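You will see two complexes here that share chain A, one where it goes with chain B and one where it goes with chain C.
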Partner chain A sequence: MKSYIAFTTKEFTEQLRTHKALIMFTVFLLFGIMNPVTAKLTPIILEMFMPEGVEITLGDPTALDSWAQFFKNIPQMGIFVLAIVFNGLMANEFTKGTLINILTKGLSRSTVILSKFSMAILLWTASYILCFAVSYGYTIYFWSNDIVYNLLFAVFVLWLFGVLIISLLLFGGVLFKNSYGSLLLTGTTVVIMFLINIVPILQKYNPVLLSSSNMDLLTGKMQPSDFTASIIVTTALTMTFIVVAIPIFNKKRI
Partner chain B sequence: MTDLSQLIEYLPFLIPIFALELILAITALVHVLKHPTYKFGNKAFWVVIVLFIQIIGPVVYFIFGKGNE
Partner chain C sequence: MNILNIEKISKSFGKNKVINDLSFSVPENSIFGFIGQNGAGKTTTMKMVLGLLKADSGKITVLGEPVVYGQTKTNKYIGYLPDVPEFYSYMTPKEYLKLCGDITGMDDKTIKIKSDELISLVGLDKANKRIGGFSRGMKQRLGIAQALLNEPQLLICDEPTSALDPKGRKEILDILSTVKGKTTVVFSTHILSDVERICDRVAVLHSGKLALAGTLPEIKAQHKNDSLIVEFAVLEELECFKAIINGCSLIKAVEELNKGIILHTYNILEAEAVVLSLLSKNNLLPLKLEVAEPTLENLFMEITA
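Let's turn to the complex of A and B:
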């Protein structure tokens, strides 16, 4: 336990010194501001650039438009930034050989995996909450949030999807020992999940549901109970990736 | 509505966005100048990237351009 805390602290220091924490926080903070801004400004910009005489009727933006931006930007750009920032999580240790010293001093290999996993989750959670809080603040400042259902649940399922991506990045890093392999595995898995999504019966079990159907939750078209199967599958997958990563890492040469 | 009053209405957005971009650009600029080893490119190249490409420039520098010491 002592070594776990020490190694996790070391991981945080590393994220600070390599400016990765800074990138996560600023980019997600910017997303948080941009979501309501885009919703608010789109009609005005369209009006400005419309040629004379062309009439289009756009309803006034509502809180739903702001959240639509949120659930469009975070699954795409947000998850992309997450993958870029954390793709070297395991791989850099292999390529730089920085683990050799601590592992020969007796740190267990499972501690390395678990520490890195918890550090990445904490950093992702913190920046995600920051993004959500800022979006929420601006949204209630401009509009009424009364028409929005299940907001916290929709935000939670997207967070869970992010955790799945982190576990995939970690698993890929252990498996291929370089950052391209880690990114490739994550990318391929996401593509496969989208392909599976074509089959209607499998849709409700697919983790992709957590990042693509959030707006249906907000409008009340879907209920939280529709997500149960997908949440169970996602949690199981996340745990499997981490549990399987440990024995694979034990066999790898550093 | 005049342009000026429209601008003032959007200040609650514009100031934080501008401040965040400035923080990123300046941190990256200081790092570029203090650590003159890069994975590729030279100092002038990274100074231009970091200062003139907003948000993406500093992020690209920290993830891909920064040299390992």
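Let's turn to the complex of A and C:
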């Protein structure tokens, strides 16, 4: 336990001192501001640039438009930033050889993986909450949030999707020992999940559901229970990636 | 008692057999020099001892306990200094030692005392900055400090001096001599003067096998030299000597020096007697007549040739 705490502390120190935490917080803070502000300003901007005589009737933006921005930006740009920040989580240790000292001191390899996993989840959670809190603040300041259903649940499932991505990045890093492998595996898996989504009966099991149908929750078109299968699959996949990464790592030459 | 025992280990990378049926042991409280050319398999052997590489066959024990590939318990007895030690560049030496101490399960107080002691032993007390700005030599010293942190019974250093300047080398060797008595040191190198300076036992690794092993005096005695050096003050005397010695049946080969000559002989004692009598008969007075001491370098060249 002591070695777990020591190594996790080291992971946080690393994220802070190599400015990765700063990048995460800044980007997600910006997203947090952007989502409601874009929703608010889009009609005004459109009006300004509209040529003389052309009339488009745009309804006044609502809280739903703000959340639509949130659930568009985070699954795309947000997850992308997450992958960029964490793709070197394992790979950097391999390529720099920094683990040799640590492992010959008797740190178990599973602790390495679990420490990195917990740190990444915590940093992702903190950035995500920051983004959500800022978006929420602006949204209720501009509009009424009464028309929005299941907001917290929709936010939770997207968070869970982020955790899956982190486990994939770690798994890829252990498997290929470099950051390209980590990114490639994550990218390929996401593409495969989107391809699977073409088959309608599989959609409800697909982890992609957690990052693509959030607005349907907010409008009440879908209910939380519609997400149960996907949540179970996503959690199982995340755990599998982490559990399988350990024996693979044990066999890796460093 | 032997602290490290290696029995008949072999290791191949693909078709390339790096270690071939290698056996040796390291007695307690010695400084053991592990010599070999670049690529001879020194690092491979050390990594197998640490359980970082899997041996194809054979058995390794540390303090009687077998080494297992992957997670090996025997590493708690070992301090390891890799050839190029890599640290987290954003940490300071003290933070790094704290991390190492926490991982090995030392308590905070011991870590504090031990790391202060080691940091001053390796001369890093004034370097309280992040490791990212360290020179190679400073990293090497920190490497020794981290390797000695948990008071290991066996310290394994992989070419600790190869990349350092003469001053840095001397300092590292001095540190290694200091820990002798408390810790058994195994260090690999291809710098033979380092070995002669501090080691009391050596093993020479050549094409995956042990070409030579034992204490330094033993080895030198076994490979007693056969060469006689004769030097003169003026060239004429040398020419004259060369003329009279030419054709002597005891001389195997002749090597010329600036104002002297090296005679490789079949029998050093007889040859020396003959040379002395020839010198006096011809009234030649050499500046120097010497039986060449076998150097580790000569032995090494002989073995690896």
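Everything below uses one rule, namely that the second predicted complex is superposed on the first by the 254 of 254 C-alpha atoms of A that agree within 3 Å, B and C clash if a C-alpha of one lies under 4 Å from a C-alpha of the other, contacts with A are read in each partner's own complex, and residues count from 1 in each chain.
Assume a contact is a pair of C-beta atoms (placed from the backbone, for glycine too) under 8 Å apart; a residue touches a chain by one contact, two chains touch by 3 or more.
Values in this document were obtained by computation on a predicted structure and should not be read as measured data.
A.B. asks: With both complexes superposed on chain A, which partner does A:S3 reach: first (chain B), second (chain C), both or neither?
C.D. replies: It touches chain C, and chain B stays clear.
A.B. asks: Contact-wise, after the overlay, does A:R253 reach chain B, chain C, both or neither (first, second, both, neither)?
C.D. replies: Only chain C is touched by A:R253; chain B is not.
A.B. asks: Which of the two partners, first being chain B and second being chain C, lies in contact with A:L29: first, second, both, or neither?
C.D. replies: The first partner, chain B, only.
A.B. asks: Can A:T98 be said to touch chain B (first), chain C (second), both, or neither?
C.D. replies: In the superposition, A:T98 contacts chain C only.
A.B. asks: Counting only touches as set out at the top, which of chain B and chain C does A:G106 meet: first, second, both, neither?
C.D. replies: In the superposition, A:G106 contacts chain C only.
A.B. asks: Which of the two partners, first being chain B and second being chain C, lies in contact with A:K221: first, second, both, or neither?
C.D. replies: Touch partners of A:K221: none, neither chain B nor chain C.
A.B. asks: Looking at A:R17 after the superposition, I want to know if it touches chain B, chain C, both of them or none. Which is it: first, second, both, neither?
C.D. replies: second
A.B. asks: Looking at chain A, which partner touches more of its residues: chain C or chain B?
C.D. replies: Touching more of chain A: C.
A.B. asks: What residues on chain A does chain C touch that chain B touches too?
C.D. replies: Shared contact residues on chain A: 18, 96.
A.B. asks: Could you list, by residue number, the parts of chain A that touch chain B in their complex?
C.D. replies: Checking each residue of chain A against chain B gives 18-20, 22-23, 26-27, 29-30, 33-34, 37, 41, 81, 84-85, 96, 138, 141.
A.B. asks: Sort out for me which residues of chain B touch chain A in the complex.
C.D. replies: 10, 12-13, 16-17, 20-21, 23-24, 27, 31, 55, 58-59, 62-63, 66, 68
A.B. asks: Going by the contact rule set out above, which residues of chain C touch chain A in the complex?
C.D. replies: Checking each residue of chain C against chain A gives 50, 52-53, 70-71, 75-76, 78, 80, 82, 84-88, 90-91, 95, 98-100, 102-105, 143, 146, 150.
A.B. asks: Please output the residues of chain A touching chain C within their complex, sorted ascending.
C.D. replies: On the chain A side, the touching residues are 2-3, 5-7, 9-10, 13-14, 17-18, 96-98, 100-109, 250-251, 253-254.
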